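In what follows, a single structure is set out as structure tokens and then discussed.
For clarity, chains are labelled A, B, C and D in written order, and residue numbers in each chain start from 1.
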Amino acid sequence: MSADATRRVRLLYFAWVREKIGLATEDVDLPPDVATVEALVAWLKQRGEGYDEAFARPQVVRAALDKVHVKPSAAIGAAREIAFFPPVTGG
Amino acid sequence: MSADATRRVRLLYFAWVREKIGLATEDVDLPPDVATVEALVAWLKQRGEGYDEAFARPQVVRAALDKVHVKPSAAIGAAREIAFFPPVTGG
Amino acid sequence: MSVRVQTEDFDLSAETEKLIGGRRDVGAIVTFTGKVRGDDDGREVSTLTLEHYPEMTEAEMARIEQEAMQRWPLQAVLMLHRVGELKAGDNIVLVIAASAHRQAAFEAASFLMDYLKTRAPFWKKETGADGSSTWVEARAEDDDAADRWR
Amino acid sequence: MSVRVQTEDFDLSAETEKLIGGRRDVGAIVTFTGKVRGDDDGREVSTLTLEHYPEMTEAEMARIEQEAMQRWPLQAVLMLHRVGELKAGDNIVLVIAASAHRQAAFEAASFLMDYLKTRAPFWKKETGADGSSTWVEARAEDDDAADRWR
């Protein structure tokens, strides 16, 4: 895979992030310059009003790469599944 | 009741205190000069070998007056029931 | 050790028996059961809907259990979380920690709940008596509770 | 609040249900079950005999519960202790603490056990596999555990 090829990943949204975006899951082609979780958030915010609302306070939204919690600065690397969700409230 | 009258009380013994004394309960006439729990222990120790063994380490034996934990220095007062037992080990 | 996510209710005795029945080396079992309260700080709750991130929940709960097993001498651990629609009085979550001695069992159960509350991907939506729905907000005190164990 | 001393076994689910079944204000239930271990620090235990001081046990357990109710916002408490002859794997003691929130339930259950272990007049005698009997000695760490709450 060349450095500037897009790469297909699956995005998952949960709870109010899902409701604001209006989707539970979607497959997207990641542009080559979107290398971190926070870069992906910035890119998603430009895709429409729902996304913009969901990430209005980006520090509130949590992320997981291939089902492992990560910080916004985390490199997406080879992850196939990227999830966004509010702080958890189970238990 | 005059100050030097004896007074009848019930003594109860539990666990190894009971086994060493060989009795679970007995009624005794408290001499008027036995005013505290520790004085009662000293008086009991002279009643026989079993008592002496049971109270060999008097600081180990616990006491209750009318079913309430007390310290050795506690005044017996008007208590009707005085119990002696090892440190508790329930739970 | 064992983790489960299910829609069905659970039975405390049955789960405890399944986990440690017949063992002679367990001296202390602490269980925690979390239930839906009918009143959340003054707001009447008629139903609570539990959403989760399938597979990640199990993976995260397994990681939490693994951490507890490393910290305390535990003989058995269970974490069970319900999802779907629940009503006031219903069971939500069950944690069981079994050890030879009580302090390990108490601490581990408390730790498991603190970590579950801050790391396992579950989200609660409350529907009030008036039909309106709202996502439950995470509480700062849950983060503080989890931070105790760092 | 409720205290009981009995020879019969108990059922965790039945006791929990009896204590708080149908209530909608309970969010957290912590139970502690103490069991007879088949091995007490290397010594094989075949039976454990529990002696107690009738009436004082109930009175002392009620005082302990009262103190817990004053310290934490509890909605229900149960302390149940078995007496008589037990064998390895048998239940000895059950404590249940129910509250709106989990921290109160965890702390209260832990406190109830620490106080029960150091204040309620029960004594354990172990009979080994070889038939010899010995009274269990009180452990200094139980006093230390109880001292945490002062």
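Basically, contacts are C-beta pairs under 8 Å (C-beta built on N, C-alpha and C of every residue); 3 or more make two chains touch, one makes a residue touch a chain.
This one's a predicted model, so the numbers in the text were calculated from it and none came from an experiment.
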Check: What are the chains that chain B and chain C both touch?
Finding: D
Next item on the list: Could you please state the distance in Å, as a whole number, between where the Cα atoms of chain A are centred and where those of chain D are centred?
Entry: 49
Note to self: What's the distance between the Cα centroids of chain A and chain B, rounded to whole Å?
What the structure shows: 74
Checklist line | Inter-centroid spacing, chain D versus chain C (mean Cα positions, whole Å) | finding: 23
Checklist line | Distance between chain centroids, defined by C-alpha means - chain A, chain C (Å) | finding: 27
Item checked: Multi-partner residues of chain A (each touching 2 or more other chains) -> 91
Checklist line | Residues of chain D touching at least two other chains | finding: 34, 102, 113
Item checked: All chain pairs that touch each other -> A-C, B-D, C-D
Notebook entry, point to check: chain C touches which residues of chain D in the complex?
Noted result: 11-14, 16, 22-39, 88-89, 100, 102-103, 105-106, 109-110, 113, 145
Note to self: Going by the contact rule set out above, which residues of chain D touch chain B in the complex?
What the structure shows: 34, 50-53, 55-56, 59-60, 81, 92-93, 113, 116-125, 135-138, 142
Checklist line | Complex interface listing, chain A residues touching chain C | finding: 12, 14-16, 64, 67-69, 83, 85-91
